[in-house]
Each structure stands twice: as structure tokens, then as C-alpha cells.
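What follows is a set of structures to go through.
Two complexes come next, and they have one chain in common, chain A, joined by chain B in the first and chain C in the second.
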Partner chain A sequence: MSFSTFVTDTAGLQKMFEAIISKHETYAPVEKFGKFDYKKVSSLKECNPDSPIDATMSVKPLFFPRASKIIKYEASSAGTSIHETDEDPIAGKRVILGVKHCDARGLQVLEAVNKWDYIDSDFLKRRANTVIFSTRCDKADTQCFCTSLDYDVENLDAMDVAIINGPDGRIYLCARTEKGENFLTQNPAPGSRNPEPIAQEEMKKQYETFAASFRLKMDYKDVNEKMSKRFDSPAFEEASRNCVSCNTCAFICPTCHCFKISDEKIRDTGLRYKSYDSCNNAYFTLEAGGHNPRPAKYRRWRQRSMHKFVYYKERFGVNLCVGCGHCAISCPVNISIFEVVNHVANAPVES
Partner chain B sequence: MEALLVPSLAKVERIIQETPDVRTYRLKFKDDSLMEKFSWHPGQFVEFSLLGSGECTFCISSSVTRKGYFDCSIKKAGIVTADIHTDLEEGDDVGIRGPYGNWFPTDDIKGKNLLFVGGGIGLAPLRSLIQYAIDNRSDYKDFTILYGARTSADLCYKEEIEEWKKNTGIRVVLTIDKPEDTWKENVGVVPKILEEVVKPEIANTKVITCGPPIMIKYTLQSLDRLGFSPEHVITTLEMKMQCGLGKCGRCNIGSTYICKDGPVFTYAQLKALPDEF
Partner chain C sequence: MDYSKEIRDIAAKLFADGKIDVFVGYRMNGFDDNQVPVVITDPKEVSTLVFTEKSVFNLTNYLKTDHTRGKRVGLIVKGCDSRSLNLLLTESQVKRDRLYIIGIACEGVVDDKGVKMQNCTECIVPDAVVFDEMLGSPRGKKDYIVNADIRALAEKGLVERREYFEEIFENCIRCNACRHSCPLCYCAKCCIDQETASLYNGSNTASSAFHALMTWSLHLAGRCVDCRNCEKACPSHLPLHLLHKQNEKVIFENFQNHLAGVEEGERGAFYKYSLKDPDDFIM
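So, the complex of A and B:
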């Protein structure tokens, strides 16, 4: 199916965003202490859809909350009862502005685990109810490597509407899904029009300039293949030695999806939560009785990087890392998954 | 709401003290229609919760052929299991999700001799299959049940084992680690008794084994030595789990989800996994 592209300019885009915010439940990056996190907004002034990639948190928590309530229960002499928790506050129809391409791709990659076998309808419903507007970056940040991974940049099907800057102040609004197409038709940018066929050419050029701005590049298929042969490589230990197991890398990652289930009890009532966890946690696989299949830090880092670059792909056909670079930006000891996987891939094979 | 993770309430009908640190909890869903619909295969597990304390993974230790209830046999091992032992009484409610996971290949093993090798609480998943096979006796040939524990007090299902012994075509071999005054059966670790006392027939035999990691390790070596091919040896893994349904990542070994692709594996399948269990 082919989708429409419209052309507008900065003023038209601003007006469209304002109209969207006034009519729809809208989320966008909001600045706090120099970082941008996605919040519900009521005016364009509050937010910054063009927030810088390196300072913007992932949009993932709007689909997979950092902590969500599973149940509330009450116990009394009359017996125990389980109650559904308050209506999911993020399940309604909504629009998100300013999602980075890599981050939107992260949601797409996460769909696989959420819809194999048991279906996580909460996750899928949140995505289905959301129209994602995504602005393609003009320039890579120092830790970005999204263009090295397996995303079809021509197709751009991870977002509903892709916004691409053309030359001379032209801005292209490209519907990328049926949902995006319908939304753009119903909420057009004032004064926007279907562009002349030249648009494709210009967008391609923009992409080439963008792709040329990357400091980090890898042949990820080669890395996939080489890593799968280096499970026993000491390179994992070398690459992860400095890690302090703080789990920051997992908590900010757009594709990490490990979670834990925990109870909180206050007298005879209690709540059960689903919240983020990470395979970098020493206790992640620690069993009652003390046995731990991944007792050493390098084993946990091996799991983290192999899951991203080998296992998920083996299982679901897509790479789990989307190359956003956020783990490297946030790590207190400067560990970068890009360096880890390249270090391992280029290490000698253990015999 | 996280619809996938919401448990249903079940009532503890009976508690049986099996050993000083293992109790069997006989459970029944509070909703009768749910109990009626609830069906499982030997080897499958549930996520069991003591509300307010937490959720744990336990296999269902009884067989679906015994209607109207299901058992979980629980060893006191950590925080939640200690709370279960301390707080949970007959008549109390617990949360249950499941059944989850794959199961013992009840069809593939039809017409075979079955050799069960269990250690400690590891008899729990085997018991589900033993009951199932007893209730479908004509589908299977001879059974041998080798069961060991540290001391005689640590043997689970003592009364039921006496019942098993009365069945024709079931040979029960018990062992404990060290001699005890009143103990008349075998003394020695499971793999040793397997090789020296049981001396199993290999042809047309399927082995089903579960127990503590160390027992499993040496039992698998013994089975190798005895000449069993790894395809005919079936075991069940106890990786730490959380969701039980292929979402939380906790149980993964390589690209395998132990909670979905397992917990039941043949020894041949285990050998192909990365060494992370």
C-alpha cells in the first residue's frame, strides 16, 4: 500500500502540532533538568518535538510502563478478593510527537516478543491506540549507530507519520501506516499540499547527508554471525570489566523488556506490580538455595549483548538493539554496547 | 492492568507435611467452573502466589486424571516459600496462574518401559506423570521408580509410595545418603544405586529424571555410561522464572524460553543449549 506525502514549512508544522495538541491527548518530550521525557502536554510551548537525541529518554514507558499495577487484593475474615486496578491511564487514543526514529523502531522490535504465543494485549493496544509522529534526525550524535542496523529506511514503517526536513525550509510529512494516513488526512497541516515527484529525490538526499554524519558504523550481519561463534570468548570479560552493574543501560534502553513481579503489602490490602528489571542484575538468575547460572559479571554482560545481537534475532528475526546509543551516553563508566559487540566479534575464536 | 499476569483465586483444601521442609498443598479454584475447565499435562507448572508475599513457580504434582483438585508440593527454599510454610493454612486463598510450559511426552512414551529417577523434591513433577501413567496403565509397560533423599525423613509422598509398591509391574527402589538404624532399603547416592542396584533394561525404555542439580549432573553421566541415548532421557529444568509465559526474559538460555519451550527437555536438547543452567 502506498501512502501520501504532504509538504509544508516550519510555520505549517507548528500550526498542525498546535491543532493536534488542542484536539487530541498528546504526549511530547518535555524538558526537565536538561533531559527530555515524554509527558502529556497541553500546548506546544511546554514541549520540544525537536529535542536532541542524546538528551531524550525513550518513549518506551508509554507502552511498557516503568511500573504498572497488576492487581490490588484485599484479605479479610470473609476471604480474599482480587480487584482490577484503576483503568489503565495510557490506554486511550493519543498522539505522540517528536519520537526519534530509533525509538519508534524499538517499539516495532518489541512487538515480536509481545505477540508470540501469549499475547500481551496491553502493549499491543497501547501501540494500536497511538499515532506516532517521528522526526528524522538531520545529524547523528556521537553514540548513534542506527543506520548500521537492519531497519528499512525507505519503508520507515515503525512510525505512523515520518517528518523529514527537505531543502529550502520544506518539510515533508509522510504517512507510513494506514493509521498515519487517516490521521494526516483528518488533521492536515494548514497550507500543506501534495508535493511534486521531486520529494522522493530530496528525501533520499537528506538521508544520504544524515547517514554520512555517523561516527559509528558496523557491518551488523557480520557481527551477528561472529558473536554467535564466540560464546566462550574471554572478550566478554575484557569488555565488561568496568561495569558497576547499575542497570542504567537497561532501564533507558528502548528495547530492554525484562521485568519482575513484586508485591507490596499494607496490612490486609496489597498491590502487585510489574516493573523493570535487568539481566545485568546479579540476582536476576539467582535461585533460592544459592545456585546462580550467571554468577559472574561477564556472563551477565554476555547475556545482555548476545540477547541484543544474536538470540532475539534467532528467535524473532530482528536485531534487538536499534543503535540509539543511549546506553553508552548514560553509562557511568563509559561502556558502549557498540564497542562491546565489536570487541567480541573481532576477538579470536576459542577452540 | 496487566491482563496476562492476573491470577485466579484458589482455596487450600488440605496441607500434607511431607518432610520437615516440604508440604503438599491441595488446591481447588474458588470458581467451580474454572476448576472444571482447568486441565494440564504432567510436567506443566503454575505461578503460585501468596498474596502480599509474592509469586513462585511450582509444577503441578498431581495428575489431571485425579479430578477436582490439583497439588503443589512446596519446599521451603527462600523468602516466599518460607512465608508459604509459615502463613498459609487450610482454608486460605492463594493466587494461581497457569498451567504453563510444555510437558512430558505422554504420547511418545506409550508402549515403553518407564524409568523414573527422582531426588528430593524432584519427585514432585515425576509424581504427576506416575499418577497419570498409573491411571492409564495399559498404555505403558513396566515402571521402575528410583527415588532418593538425604535422609529417610526427607522422602516425600511416603504413603503414596507404599501404594505404588503394591501395583504389579511397578518396581520401587528407595535410597538415602547415609545409613540409619531402622532403614532397610538402599544406602548411597542416586547415580550409584542406579548403576549398582537398579541396573535398568535399556531397550525400549524411557528415562524421566528430576532432582537437585548435582544429582542430575551425575545421573546423566551414569545414564550415559549405562548406554542410554540422550534422546531417551527426559528431564525438567528449574530456571528461575517470573512471568512463566515467555515475556519477562528471566528464564532464557540462549534463544530458548525455558518457560515456553520447556521446562521439559530431553538430554539431547539440553546438550545443545549454551552452558548456562
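So, the complex of A and C:
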């Protein structure tokens, strides 16, 4: 199936966003305390679809909420009764504006684990009911390395509608999935559909300038292979020494998906929640009997980096890191996962 | 403020004399002017050490990790860091004879954008109060000033203030990074991690965030030294200092101008009793 491309300008794009917000349930980056988080918006003025990457939270909580209600329970003398919660995971059709390329890829990567073994229908329904509009990434930030990690710049199929900056103020809107194509057919973008073939050339050139702006580059296949041989490497200990185990990295990561189950009790009634957890947390693997298989910090770091670059890749054929750099930006001591995995991959193998 | 050379020399000498096993300092991150804390065990790495106005993170936080516990540690402390170290010493968390402390007469540090941090503009104790060696020229203590944000908040109405704080709790994602990066949070099992305590429960909700943050701020009342490690760690950029600075103000005004960790060996406001303590709330 071939997808349509529209050519427009900044004013046209603004008009389209306004039309979308007035017609659909729309989410976009909203600023609070200097940080952008994806929230429901009722006008374009409230949000900034071009929010800077270093000050924007991941879009993941709209698909995998920070706290989702599982069940409600009530204890009485007659016994305990369990009820469904009022939370509806299939919140109708919705549109998200200003999603970063890496964030959208994070959702694509997460689909593999949500479709495997236990099928997380909530996540998949939210995915199916959402149309994702990308932001206009045209320059890499200091911590970005998305192009190094199986990022397909030719297809860009992680988002439904990709928005690309062209020369002379032209903006291209490209449907990238069937969902995106249908949406653009029902809500036509301003400007002309399927412009001259020159557009393809211009977009390609744009990708090239974008790819050239990256400070961080790595060969992930090499890293995957080298890391799989360095499970016992002391390099993990060296690289994790200055980590303060604050868990920020996992909580804001667009692909981390570990969770815990906890109850919020008020007298005899309670709500059971599924909330984020982090493998960097010392209690993460603590067993009921008191044994902790990962008591040392470096072992938890090893698990985190090996899961991202080795285990997930072996099982699902894709890295669990999308190179967004959120963890490095938010880290209070400026540790970058890029540096850590490269340090480990280039360490000598234990004989 | 650049003491990189001095610190390298001191650290190299300490290793050569066999006085320390570990040195905790800062190094450049390798691509821009921001820095990364380092825990050095190999004397060869001493040459990477730096100290400038970009050395923001309070290193006393590393005294609670396995890499330094029970070892002889060399450490760099600024004014605020030395106050937290003072409290750790008073609370028997570290032994003074195992530490070699390089104190800095601090001129203030800057954030990522190069702007002087707010706590530095309001700093009361710029010079390290506990040290073995001092770098820079001490300028002495300054008068206590109430935090500008606290003053601004006090002018707002009760409803407006409540709404503002509710917004903070709603934007908290319960990652607990504030607690982990706080040098004075060292409990082996924190009360907000107790799964059976229904108030804290670990769920990622606004009510749970409220209970966790309020408990945290009360446990730090009269102890917080305003180093802002918590704010640096917060991924939601929440103004967490408001929770502590209000406590600081109340304690300063009611408990004989008490400021945490300024005097060596002085206990936290809630650990000591004085006949001068206010008792007008007793009927």
C-alpha cells in the first residue's frame, strides 16, 4: 500500500492541529514546572507540539499508565467481594500530537513484549485506538542516539503521521501506516496531496542532515555481540560506581516496562494498582524469604543494560533501548547508558 | 572557582601516603562542560579530577554506598555538603577518622544553563564547616534570609497555595529519586517502601505521592541543608525545596535560630531539648 504525502506550511499545520483538537480527543505536550508531559488539551495554545526533547517526558504513560487500577475490593462479614474498576482502557479514538520519533519507536518495541506470553489487551487496545503525529525532529540533542539503534529512517513507520521539515518553510505530512492514511483521508491536511517527486528528494536530504547532526554514534550489532560475552566483566562494577540508584532512568524510560502491584486501602475497601517499578531498586528482586539475588548495585546495572541490549534483542529481535537519551538527561549525576554499554562492550573479556 | 589542580595534587598525595582507599570527586563528562561524580580506587585516575562551579552534586551521598562504607575516604565538600556531612557524623553514620575532607570556600555553583543556583544566592554557610584542608579564601557566615519562593508563596491565599501543592503531588511520578539522591536519607528500609503501610503503598497516585513527600520532608525537618540534590534528581522538575525551606523557616524562627549542621557535633532541631523551646501551644 502506498501512502499519501501532503505539503503545507507552518500556518497550514497550525490550522490542521486546531481542527484536530476541536474534533478529536487530543493529547499533546503541556508544560508544568518547566517539563512537558502529554496531557489532554482543548486548544493549541495550551500545548507545544514542538516541545524540546530534553524537557519532555515520554509518551509511554498514555499507553502504560504510571498507576492503573486493576481491581476494587470490599471486605465485609459475609466475605470479600471483588469488582471491576471504573477505568476504561479503551478510551475511544484519540490523537497524540508532537510525539518524538524515539518515543514512538519505544511503543513499537514494547508491542513485542505485550503480545508475547501474556497478552496485554489494554496496551494493545490503546495502541489500536491512537493516531500518533510525530514532532519535527530535525536536529539531534546532546544525548540523542536514536539513529544508532535499528531506527528505520526510510520507513519511519513507528508513527502514523510523520511531519518533516522541508526547505523554504515547506512542511511535509506523510501517512506512514494504514491508520494514519485513513485519518488523513477523513481529516484532509491543508495543501496539496502527493506533491512532485522532488518532495521525496527533499525529505531524503532532510534525513541525511538529521542523521549527520548526531554526536553519539554506535554500531549496535557489535555492542550486542560483545556484551553477550561480558556477563562476568568487572566493567559493570566500574561503570556503575557513581550511580546513586535513584531509579529516575527507569521511570522516565520509554521502553522500561517493569511494574509492581500494590494496594491502596481505606478501612475495608481497597484499590489494587499496577505501578512502575525499576530493576535498579535494591528491593526489586527481594524475595519473601529475605534472599536477594541482586544485592549489589553493579548486578542491577548489569541486568538493566543486558536486558536492553542483549536479552530483549535475543528474544524479540530488537533492542529495548531506543536512544532517546531521556535517562542521561534526567540523571542527577549525568550517567549515560550510551557510555556504560560502550564501556562494557570495549572492556577486555575475562579469561 | 577552579581548584582542579590542587585537588589532583592532594588526592595523589593521599593515595601515595596510603591514607585513603577511595577518593570521591568530579570529572568532566567528556563532551560538554558538565561533570560526573567519580569514585576512584585507582591512583592513576586521579588526573581526571576537576572542581569548578559546575561541580554541583553533593558527594556526601556516596558515603552510604558499598564502595565507601567501612573504607578510608577522601572527599570534596562545599559549604552545604559539609553541613550534611556534619549531620552524618553526629548521627553516627560515618566515622570522622576514616575521612579526609577537602573543604571548599565555595563561591556558588551554576546549573546546566550556567545560571547561579538559587540556593547559592541565599547561602548562609559558603565555607566548609568541617574539613582537613581548606581551598579558597573563607568569607565567613552570612545572615539567614527566608527563601524567595517561600516569601512569594506566603503572600498567596490558602486555596491558591493548596492548589499549587496539589499540582506538585499530581506531577510526582513516585520514582523516589529525591529520597535516593538525598545525602541524609540513609535508612536501610525507608518507611515509604513498606508495602504493608496503606498510606504509602507504593502506588503511583497523587495521594501516595502526598504521603510519601510529606513524610520525607518531615523526616528532614531541621536536617535539610539545602544542597538541592533532590531537585537535581527530580525528573518532573518539581520545586521540592519548598517542602524543606518552609520547615527551615519555622524552625529558625522558633528554635533559637537553629540551622542544620552548621556547628560541629550539633544535633538536629528535633533531637535536642532546650528550656528555651517554645511551649505556648501547651494549654
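Assume the second predicted complex is superposed on the first by the 345 of 351 C-alpha atoms of A that agree within 3 Å, B and C clash if a C-alpha of one lies under 4 Å from a C-alpha of the other, contacts with A are read in each partner's own complex, and residues count from 1 in each chain.
Quick note on the criterion: a residue touches a chain if its C-beta (ideal position, glycine included) is under 8 Å from a C-beta of that chain, and two chains touch if they have at least 3 such contacts.
If you're wondering where the values come from, they're calculated on a predicted model, not measured in any experiment.
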Three-chain arrangement built on chain A, chain B and chain C clash or fit: fit
First (chain B), second (chain C), both or neither touched by A:113: first
When both partners are placed on the shared chain, which of chain B and chain C touches more of chain A: B
Chain B versus chain C as contact partner of A:84, first or second or both or neither: first
Which superposed partner A:299 touches (first chain B, second chain C, both, neither): first
Partner chain(s) touched by A:130 [first = chain B, second = chain C, both, neither]: neither
First, second, both or neither for A:319, with chain B first and chain C second: neither
Partner chain(s) touched by A:73 [first = chain B, second = chain C, both, neither]: first
Touched partner set for A:333, first chain B, second chain C, both or neither: second
Chain B versus chain C as contact partner of A:241, first or second or both or neither: second
Contacts of A:260 with chain B and chain C, given as first, second, both or neither: both
Shortest span in Å between Cα atoms of chain B and of chain C, once chain A is used as the common reference: 6
On chain A, positions contacted by chain B and by chain C: 260, 262-263, 265, 270
Interface residues, chain B side, partner chain A - complex: 1-9, 49, 51-55, 77-79, 81, 92-93, 95, 213, 238-240, 242-243, 245-250, 252-255, 260, 274, 276-277
Touch list for chain A against partner chain C, complex: 32-35, 37, 55, 57, 66-67, 142, 215, 241-242, 244-248, 250-252, 260, 262-266, 270-271, 273, 275-276, 278, 283, 296-297, 330, 332-336, 339
Complex contact set, residues of chain A against chain B: 68-71, 73, 75, 79-82, 84-85, 87-88, 113-114, 116-122, 231, 257-263, 265, 270, 272, 274, 277, 279, 284-289, 291, 293-294, 299, 303, 306-307, 310-312, 314-315
Partner chain A, residues of chain C touching it in the complex: 29-32, 34-39, 57, 61-62, 65-67, 167-168, 171, 173-177, 180-181, 193, 195, 198, 201-205, 207-208, 229, 232-239
